[in-house]
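Input: structures, listed below.
Shared chain: chain A. Partners: chain B in the first complex, chain C in the second.
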Partner chain A sequence: MNLNIDVDHEGNNKYVSLSGEIDAYTAPKLKETILPLTQDAEATVVVDLQQVTYMDSTGLGVFISALKSTKEYGGNLKLIQLQERVYRLFKITGLTEVIDIETDSTVRGGM
Partner chain B sequence: MTETFDFVEVKVPAKPEYVGVVRLSISGIANRMGFSYDDIEDLKVSISEAITNGVKHAYNETGEGEITIGFGVYEDRLEVMVADHGGSFDLNKVKEDIGPYKEDDSIEELREGGFGLFLIDALMDKVEINNKYGVIVLMTKYLHENEVGLNGDQISTTQ
Partner chain C sequence: MSTLKLDLESYKDLLKQYIETQNEQALYRAEQFSKHSIQQNITPDEIINVHIEALLELYPDIPSNIQSSLNFLLETMISYGLAYQEYQALREKQLELQSEISVAANMQQTLLSTTKPEMSELDVGAISTPAKQMNGDYYHFVKDQEGSLGIAVADVIGKGVPAALCMSMIKYSMDSFPDSRMEPSVILEGMNRVVERNVDPSMFVTMFYGLYDPDTHEFNYSSAGHEPGFYYSAKNDSFHDIEAEGLVLGVDRSVKYEQYTQHLDVGDMVVLLTDGVTECRTGDRFIERDEISDVIHQYKHLSAQEITEQVYRHFERLQDFQLRDDFTMIILRREV
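The block that comes next holds the complex of A and B.
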């Protein structure tokens, strides 16, 4: 019941790889890590959620904050490789309309 | 005829680190009852949202107090009660704030914490919130295979 966060920088391209669970306990740490990355001008922040096995609205909140922040600094936020269950929450809440989520062939089955 | 059911109660400190513990409890109970993988995931999100609300609103994130979770295990459904006995929040205000993102909403107006109750509502079959003494969320999910033949007569077996 933890979340591991790995960050790779390559100039303005930031790659964040997550594994574990995003909930009320782990979301603050995720927010602390992601927000500074979005505050570099014109940064592209790619978040890989392939290994995220559980997420709830606390995770949605972090990605909404990150989205707002990238817009403010002229950057981009992209979520990739979401498991089906995690993608479903973005879909239900309508956030797929505003957040760049890579779905083609990347929405995975939950098991 | 009164309906029989098993009752399981869990009490945890109102701290974020215990949300995952309760998630494991509901996962175990729902699995025993025969819920599908997808339904179990719905239950895990719903109960986490209810407890996160309890931790955030009722206790102002001070980490004091307890949250009581009751599981009513019925033949055809699981009833989950999440209760905190701390201060209450303005339920009407919360209700106004919930809902999915709509195209004409601006990104600036997006509520970072506004999706919890909305998700519970979307993922459970029935949700009731009582705000009189602390906050009690009562939510129900039905076992799908039992939904069709509730009166039992319609269930046919081959022998």
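The block that comes next holds the complex of A and C.
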């Protein structure tokens, strides 16, 4: 199981594109990459999960840390292009109410 | 080294015998010799050293270039010997850790144990199996003064030891609630404050709390981001999800939890579970929720406890008996 992480910077806008699986093995690497990005004052961190085929609850933990950290530093966190199974996890846990998640037609399966 | 020195003579005999006859017997004894050496913590380079000494005694006029090559081999093997010693030390350390973890796991078992209630109105079944030694799932039954039954199911995000430690904290907080009737939403709001204050930002807990009143047959519940359970209607012979909205514990201190009610008729069931059940997968295929309700349906003639055990066995088989996550399932069925 692997997770590829690509980061693009454009001033305060950071674009993180993920592909693969987020689980107990890959989550620490994701956390190491994302947390420092959220610690720049007023940064906007956009995470593209289009190529993420699986995520377990450890992945949610990373995004919750990132959310808390962006709040602390006055920034924003936004998740886009979630696959249906991944979106479902955010929905069940109530996190869709506290994390900015793009829920337009890019959410597959029409949830 | 001293033990081996004593064995030099026998090694020499063995070697001589093998060189002259090349028979199986000598090879078998060589194998015994190496097993014995492992037991005595003798390193590979020491064996080579004995081999060189034995060889020189048997064939004193070995050409000097062969002799040098043997010494060269000996030098090369010394680092192997060191690595081997390190390996032995780590092995001991690992055994030590393992026994510490199993002590902790036993202790956790005792701490988290809950008694399945006996009620004439309700048939109750419960199963909870950890994927590794320590369980990050938790369930708890409590009967209040008015005879209502409270059921808590929780899942700590993260696995293994840290999750288990966090679980113990949940258990103590649950125990500190008073015995008088507590509404599910109030319990979750209290637990949310405990978790928010006390755990690392990346850790959080999902929890479902239900309260069954045997007089009114109403099941009141609230959910903090927990995997939805199932409600089975005996009249319609069908399952539907127990939907409840609510944020996971530990993210936002001020969150409020909504409370829902489901009335149970005779034969109706409430199935509570953790995501270890729904996150089962076989190869690349995930288990769909329909499959879980289908399996429960298949065994619905059994007692609640037997159903939980059959469902567990079914998914254990599907995953080749290697659970990826802790597995917890509780079934309540109204009897009268």
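Throughout what follows, the second predicted complex is superposed on the first by the 108 of 111 C-alpha atoms of A that agree within 3 Å, B and C clash if a C-alpha of one lies under 4 Å from a C-alpha of the other, contacts with A are read in each partner's own complex, and residues count from 1 in each chain.
Heads up, the rule we're going with is that a residue touches a chain if its C-beta (ideal position, glycine included) is under 8 Å from a C-beta of that chain, and two chains touch if they have at least 3 such contacts.
In this text, all values refer to a predicted model and were calculated from it rather than measured experimentally.
*Asks:* Superposed on chain A, are chain B and chain C clashing or fitting side by side?
*Replies:* In the arrangement built by aligning on chain A, the partners chain C and chain B clash.
*Asks:* Mind working out whether A:36 is in touch with chain B, chain C, both or neither, as first, second, both or neither?
*Replies:* A:36: touches no partner chain.
*Asks:* Looking at the overlay, does A:85 come into contact with chain B only (first), chain C only (second), both, or neither?
*Replies:* Touch partners of A:85: chain B and chain C.
*Asks:* If you tally the residues of chain A touched by each partner, is the higher count for chain B or for chain C?
*Replies:* More residues of chain A are touched by B.
*Asks:* According to the stated criteria, A:58 is in contact with first (chain B), second (chain C), both, or neither; which is it?
*Replies:* both
*Asks:* Based on the superposed arrangement, let me know which partner A:71 touches: chain B (first), chain C (second), both, or neither?
*Replies:* Touch status of A:71: first partner only.
*Asks:* Where does A:95 make contact in the superposed view: on chain B (first), on chain C (second), on both, or on neither?
*Replies:* Both chain B and chain C are touched by A:95.
*Asks:* With the two structures laid over each other on chain A, which partner does A:21 touch: chain B (first), chain C (second), both, or neither?
*Replies:* Only chain B is touched by A:21; chain C is not.
*Asks:* Now that the structures are stacked on chain A, which of 26-34, 80-88 or 314-322 shows chain C clashing with chain B?
*Replies:* The answer is stretch 314-322.
*Asks:* For chain A, which residues lie in the overlap of the chain B contacts and the chain C contacts?
*Replies:* In chain A, residues 24, 56-58, 60-62, 64-65, 67-68, 85, 92-95, 97-98 are touched by chain B and also by chain C.
*Asks:* Along chain A, where are the residues that touch chain C in the complex?
*Replies:* The touching residues are 24, 31, 56-58, 60-62, 64-65, 67-69, 85, 92-95, 97-98.
*Asks:* Once bound in the complex, which stretches of chain C touch chain A?
*Replies:* Interface residues on the chain C side: 155, 157-159, 201-204, 206, 224-228, 245-248, 251-252, 275, 279, 286, 325.
*Asks:* Would you tell me which residues of chain A are touching chain B in their complex?
*Replies:* So the residues of chain A touching chain B come out as 1, 21, 23-25, 28, 54, 56-58, 60-62, 64-65, 67-68, 71, 85, 89, 92-95, 97-98, 110-111.
*Asks:* Which residues of chain B touch chain A once you look at their complex with the stated criterion?
*Replies:* These residues of chain B touch chain A: 16-17, 19-21, 23-24, 37-38, 41, 44-45, 48-49, 51-52, 55-56, 100-103, 107-108, 110-113, 115-116, 118-119, 122-123.
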